[in-house]
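In the two assemblies presented below, chain A is common to both, partnered first by chain B and then by chain C.
Now for the complex of A and B:
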């Protein structure tokens, strides 16, 4: 399938909000049409062509090159197609996406996939705070979809998430899955403190030991079948080196919580065997 | 402690007494000052009822011999300064305003107007003090009361993560611990005071019960208290985790459930340590949980004189308390994305207007380094690190001492100011209004950058 190539030729001086850099806006447009798409350069309206060289007609698949760490909202609202980014990306990547796929061969910063309801975001490097999280003041975070981060992330992964799967290949910061409503977060590295604080339902899986809040209660040590299925699927998505046989076949300590909430959530800590 | 607080200035004969003046040093905003003003020397010589911090505040403010405006270090007129400032702001693509906690609400309002007009970014010092409490408040709500209600009704007072004896000296004596109230006829004898902190401080002797929590374990302790209040189990290693025994926790929970009117005051020991807005959120949630059993409120103990006013003004004008961005012509709130320390550390802003604040002395190195690269407009009563790196610096009059206006006490009660003596310097409001008019003139004729 043909691809539209966008190459960053001018680094923005201030943050560039480019929600039009998405199959949802680009598909079906000519090269000129894409270059004339509006972006916000700080408080000034600008054109896509002011920053990107466009090659090819607008397709459902987009290839973006350059250091996009100041470019926000790439892949906004996409429901189909594929965005392939070679370089680092800025905040709010995949905001409001409901389908399709974003693959970043670099690092992302804060707010990966806010308001996501479907599709998949894969970050091959690290990401910042608030991956798959609710914006401040919102009661629910992502309501579906998959976010795969192969590196490490900072605080508040999956804050208030309602559904979906978030997998972190490296370490996660504090308050992982805080106020989680439902869904699954899997952390293959170390996890910070206060994991699952205020969680109502949902599952947090940690491959390494972590601190458990006093309001969680130890339930049992067992081998959850669903987890094996999840992990086998994640192995197919590039987590093969992190997920070993012991993780597939080993036992997990289950803690139920959060006691101050509904107590229907669970933290599964890999028991080491 | 400032040296001036210990020695009272000598008086001449041309004296004026200002009764019921307001001290704007800290968030207590005590409005029962009686100031003796030496009109020849242009200074306050006596500040009756003021605490040690208030006395330093009143005695230190004299009229300094400084140029009103400096542009690139050269003296200029006020008009030239305002012209230059307006031009800098209009030319910028990502202008920011920061500070605002030490100026009256009337000036804050104009600062919001300027940023709204030029589609800039407005943030206050709240983002580096009780901003997390604001975020928590938005997330979980707030059970609140005025300090007057607390004085008249509270029989259980809990201070968590603060040291009011040194930071807000009159908080104990005027509002929450010793004053006699309508339903607290015997003052402190009718109250139980609990202090929770990671170490003993000069505030500790005031407390009937001192609970020492392990550093960085406040959230765990709050969470355990929430669970116990709700009658849920907590893990047996709670003492190992937090440093507080189960017996102490049970006793505290019983006291909280059985009091008539309880209050939780939280300090920056909670909001600026690991967990930040979740620590504040846990305090608000605990207070909300306790309302199942009795009346319980939670209040942050705010620092700067009018930081609460900054929250109120920015909130009533934009809908959000701090960290508000107008780039698209409408307000957006996102702490972390639009808060000044983060915006500067990421090197995003291309012009800054700093009002009554000194970020160049207390922000992260990366943020200060960026502040040095961009054009900065500053307004302050004293010379600071920030004014020294500014392209345009305005020397302004001191609010509460030289100028009137409105400030908000830490419990969101607005209080009017009674200035002591005149100043030759312009007020923050006058400078900001001048800049605002010029910005609007520069932008008129041009099509607005972004349709609202």
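Now for the complex of A and C:
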């Protein structure tokens, strides 16, 4: 399948809002058409061609090269296709995404996948704060899809998420799954403090022991079968080194909470075989 | 037509349109998966009285099941698409969920689905938990041993029920040996199952009876003890016993393939005649002509 190649030739001086850098906007356009797509360089209107060299007609598959850590909103609103980024990416990657796939061979900054409802975002490096989280003032985070971060993330992963799967290969910061409505967050490293604070429903899984809020109560130590399905799926998506047989076959301590909310959420802490 | 010394009658098996579902049962051990499957497929030989036909299709190695535990694939057929949901709910609820360490997954991708886990979840009395993974909804139902995991929806598809072979032998031992060989060969075909015990029917039936309350009665044409008194007897003098092998499948092709393998396997055991049961072609949607199957399959 043919691919549209975009190479960053000029580093933006201020954040570049490039919501048109997405199969939803690019598919079907000529090279010239893509270069003329509008982007916002700070508060100044600019063209895609001012920053990117475009090779090939617009397709559902986009390959982007360069240090894009100042480029925001890559893959915005995409419902199909594939965005492959060789380099770091900026904020709001995959915003409003409902399908397709984004793969980043680098790090991401804050707000990976806000308002996401489907598809998959994979970050092979680390990510910043608010992965899969609700925007400030909104009551709901992601409502579907999958976010796979192979490295570590900072605070408030899955804030208010309602559905979907977020997997973190490394550590997570504080307030993981704060105010979670439903869905699943799996952290294969350590978690910070106040995990699951205010969660209503949903599942947080931690491979390493972490502090549990007093508003969570211990239920039992058992083998959650559903988790095997998730872990098998994650093994198939590049987490094979992090997920070992002991995680598939081992036992987990189950804590129910948050008691200040509906008390139907759960934290599952891996506790050996 | 003859295979070795066995006569293959120029006739056809008449089969019916049904609806099928496939359930993949997994458990911590092969033994528990088998136990659940055996329980689930009990009393499921014929729609005539059981309202369902079901049997184990095959065992599945751990590496091929959704949760990488030992599994058993079960096929279940009913006469209508409406009936199948109820049977799945009843049988998974009573026979699989009650069996230790088991889980139940959909094994049939189809555009048409029925809600099964979506109904059984109510057993959780409000404590059930839904998980949506890669587009498939699962239900975690809290139970005394931990959790029972079941898929929300199961695919169903049109299927074929009632393919058959009738095997006649010069002794009961020879006829049964041939029927058993046929059954074993037919069960190897993916997508088919043989609903009767070990796949062999010792008491085949005909439609109707002299008694009004009976919708089916003994197939007197093939009863050796009635050779001299039944006015419909078709048994040659050298036939001492008759067995039927009934096969259901997810498509015409798999039923044909199973029948072809069954004929060859049975013929190798030298029964007198291999024929098939039909109702004159008036009732069933499908006709499986034995000679055609042997020539073309």
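To be clear about the criterion, the second predicted complex is superposed on the first by the 273 of 273 C-alpha atoms of A that agree within 3 Å, B and C clash if a C-alpha of one lies under 4 Å from a C-alpha of the other, contacts with A are read in each partner's own complex, and residues count from 1 in each chain.
What we mean here is this: contacts are C-beta pairs under 8 Å (C-beta built on N, C-alpha and C of every residue); 3 or more make two chains touch, one makes a residue touch a chain.
The model shown is predicted, which means the values in this text are computed figures rather than measured ones.
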Partners on chain A (chain B, chain C) - clash or fit: fit
Which partner reaches more residues of chain A (counting touched residues only), chain B or chain C: B
Chain B versus chain C as contact partner of A:178, first or second or both or neither: first
First, second, both or neither for A:226, with chain B first and chain C second: second
Spatial angle chain C-chain A-chain B, Cα centroids [nearest 10 degrees]: 140
Partner chain in contact with A:217 - chain B first, chain C second, else both or neither: first
Contacts of A:43 with chain B and chain C, given as first, second, both or neither: first
Touched partner set for A:165, first chain B, second chain C, both or neither: second
Per-pair minimum CA distance [chain C against chain B, superposed on A] in Å: 18
Residues of chain A at both interfaces, chain B in one complex, chain C in the other: none
Of chain A, residues touching chain B in the complex: 13-15, 17, 40-45, 70, 91, 110-111, 129-130, 135-137, 174-175, 178, 193-194, 197, 211-217, 259-260, 263
Chain A contact footprint on chain B (complex, rising order): 92-95, 118-120, 135, 138-139, 219-220, 223-224, 226-227, 230, 232-235, 237-238, 241-242, 274-275, 278, 285, 326-328, 333-337, 348-350, 449-450
For the chain A and chain C complex, residues of the former touching the latter: 144, 146, 163-165, 182, 184, 201, 203, 222-226, 228-230, 232-233, 248, 264, 266
Sites on chain C touched by chain A in the complex: 66-69, 103, 129-134, 138, 140, 146-147, 149
